[in-house]
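Going by the order they are written in, the chains are A, B and C; count residues from 1 in each one.
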């Protein structure tokens, strides 16, 4: 009897030891890539492309939900060793400076391998730190206005009426749309500060200035952004959403006439067959008040980074031959996921020339691609999410009327300085 | 080799207890010590350095800690008693059912939420609370409201939503605990009471409640633990919002590690805070509940 | 027979609670018969169809990650079941039948371990596991998530009512402690063992936090991780996701339905 028990306990110990050795049962030569959402397809296509010329190269593309990717990445960074990091990772531009400042040794300097002039300026700007380029820009994530042409036409408007307007004009159109169709004009999510961030960057401003210093109190872009949000809110044409899924259900149900967001909304919108042909894109409305306020912005874009691991040379070679330069890859991604390329010479690629029937034949990639060079450059700074979320909370108080613009900005400045 | 009886006994003790103790120590207690070590490290990212009690001092000045703590306490003093009371009432109701088969089926159905992963039901409830979700469809269908409410948009609404999900999830397990204890109560006690002229309500308070007192202590310790560790529901359903109205300590740890530029030292300090609170409450409960729990 | 009003109210109350308990599962099941777009619209009542179900089913069957997730989850759940019951019952045996001052102290200390919240230990645990290279292994998941203190506690409570005379007689007969454990202890406490086994299995099946930090590659994902990946992704196929939810939760409910009798017996002793 005792023998059986000892045997079982020994089995447990053996299992534990197996556990100890089970890690890294992965081939040392395999390049591990972490990506989320549409970038997963990009990674997979890039791998296919690369293997045509390098059939012996080994890759593992790990698809994760964005939150999980961020979690795993940060916890791996925190452990101090590069062992659990992937070889290549796709991460959001907002997080870049935080990573490059506080975890610099884990990232590989790609300055010698990337030609910045081949990319849209604002994306190269997002992956540059202290004059060095660390990432390969990928998704343009420009922020057009997506709108339901049929609702607008019911209210007597045309495509031309939506081109190059100000927010005040937008609200006027919205009031008429609401009057005739009963539909709300736009969704806003102040808590997540989604539209806010889009508007702020379109004003060529951010919570930091281009040198990376806090720029909150006295920032006219911020002031105007808040006033515009209040205008949208108070005019009664905006649907207050609580998150991405709320926004999605609001337009799937046809309750709103337009959305502000990144180009990556396009495939999500297009998933709903019953609204095919009814959507269009237009330039983001402009805030009025200064010549530096533009029609162009971005939200949620990302880039590919190489981690400082034994395989880094292989990773660099892979990225430079595929994502960083390949027209063919960009062309494939335009078709598959409507990813607007950031490679300047890919903007007019073959698939970008094809119209998208869902959007009434509009050549989305081409249109948005041309805005790329006009999008303002900003410096996201060290703590963009902390400040943006705090601002979202304060903005809710402002929209409810319990705080003034100056109070909000002062509180935000105090909070940001304490970070 | 002849072993003395005592040595043999000790050997057996080691054999039987050894593995459990090693595992419990390595994977539960050791990390706690490491967490204490981490809580003395400050700074962000890779440049961490010893900062003494800085992180703990910050616990007092951080407004989000205040918000989160208040929320956790609210859950503890509002939701936990509701769950306890409802579980007792429900268990009592099921106990009165004559057919054991029905009893089994009822308690089984009520137990389902307890054996479902919070990740699974949290996603479902998030969807259900949206303006076009089930909740509004039901209310609209019953003509209780004119327009769909976006429950998660307001602070109170979000709190109610989370409260509802917690109650839904926690009741089953504790109803089962109470039920099995009630079934252990000698039915003769009730018969005797009835003969004496005690009515149903009185017998509930004088017989049923005292007999399940130790379960009440046990359940409240578990529930209070859940109250202070609340995470999955707020992370998926309301993301701690709006404005921190449903922020909990555990979710705040997640946020400062993974939504902001990471500060793992501060996060560890918050973790210690949660632990200290849970431990203190449990000891108080045990002392108050008497020796019955052991 | 005279039916009392209070009995009727009783039944109504219970049935309402049960309905509320069941509702989400029914709706989840209904959603599995819908398309992703409809689910994202919140529109699950108007057009459920077998065609959508078939499409969701096919999508799920084509999803290799789903099957590996089920396999991994089964492996760790069964592993945890055996290991957990073995270790906690041995510990319970020691605490009740091999009692001395030292074991009593250890017992109280391990109860204290139940109080340690996972939020506190999870990040340090990752750091430690990473240092000894134990990450990314299913064995690690089993070892780390065994909720030994809790199952031990239940077993101890039940073992207290154990007829100690049986043990004394067996010892007098010259049986070794191990022999008593296998031949007397286990058979007598079978229902409690089943309860402990069920608890260990279910806890491991639903376990999220530990696999989250331990699993580093896709082929070792467990079901909760797989579901989380799908659910958090706004562009995912929600029809398939709902079906995956159903497939992941229903078996547990069924298992519990069938073993419920033993479970109740085991919970009695607390």
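By definition in this document, a residue touches a chain if its C-beta (ideal position, glycine included) is under 8 Å from a C-beta of that chain, and two chains touch if they have at least 3 such contacts.
Please read these numbers as outputs of a predicted model, since none were measured by experiment.
> By count of C-beta pairs in contact, what is the leading chain pair?
Result of the pairwise contact count: B-C comes out on top.
> Of the other chains, whose C-alpha centre is the longest way from the centre of subunit B?
Centre of mass proxy via C-alpha means gives A as farthest from subunit B.
> Quick one: subunit A and subunit C, Cα centre-to-centre, how many Å?
The separation of the two C-alpha centroids amounts to 38 Å.
> When the centre of a chain is set as the mean of its C-alpha atoms, what distance in Å lies between subunit B and subunit C?
For subunit B versus subunit C, the centre distance works out to 16 Å.
> Which residues does subunit A have that touch at least 2 chains other than itself?
In subunit A, 5, 12, 67, 71, 75, 78, 245, 249, 253 touch at least two other chains.
> Of all residues in subunit B, which are in touch with two or more distinct other chains?
Residue numbers touching two or more other chains: 15, 19, 127, 130-132, 257, 264.
> Two-or-more-chain contact residues of subunit C, please, as numbers and ranges.
Within subunit C, the residues that touch at least two other chains are 41-43, 123, 127, 143, 178, 181, 228, 231.
> Taking the complex as given, what residues does subunit A use to touch subunit C?
Touch list, subunit A to subunit C: 1-2, 4-5, 8, 12, 15-16, 18-26, 32, 36-38, 60, 62-68, 71-72, 75, 78-79, 81, 83-84, 244-245, 248-249, 252-253, 267-268, 271-274.
> Inside the complex, what are the residues of subunit B that reach subunit C?
Against subunit C, subunit B makes touches at 9, 12-13, 15-17, 19-21, 23-24, 27-32, 34-35, 37-38, 90, 93-94, 96-97, 104, 106-113, 115-121, 123-125, 127-128, 130-134, 137, 168, 171-172, 176-177, 179-181, 183-184, 200, 214-215, 218, 225, 228-229, 231-232, 236, 249-250, 253, 257, 264, 267-268, 271-272, 274-275, 278-279, 282.
> With touch defined as at the start, can you tell me which subunit C residues reach subunit B in the complex?
6-7, 10-11, 13-14, 17-18, 20-22, 24-25, 27-28, 39, 41-45, 87-88, 90-91, 93-95, 98, 100, 102-103, 106, 110, 112-125, 127-128, 143-144, 146, 148-149, 152, 177-178, 181, 202, 205-206, 208, 223-224, 227-228, 231, 245, 248-249, 252-253, 256-257, 260-261, 263-264, 267-268, 270
> For subunit A, which residues count as touching subunit B in their complex?
Against subunit B, the touching part of subunit A is residues 5, 9, 12, 67, 70-71, 74-75, 77-78, 80, 98-99, 101-106, 191, 240-243, 245-246, 249-250, 253, 382-383, 385-386, 389, 393, 396-397.
> Which positions of subunit C touch subunit A when the two form their complex?
Result: residues 36-37, 40-43, 83, 86, 123, 126-127, 130-140, 142-143, 176, 178-179, 181-183, 212-213, 216-218, 225, 228-235 of subunit C touch subunit A.
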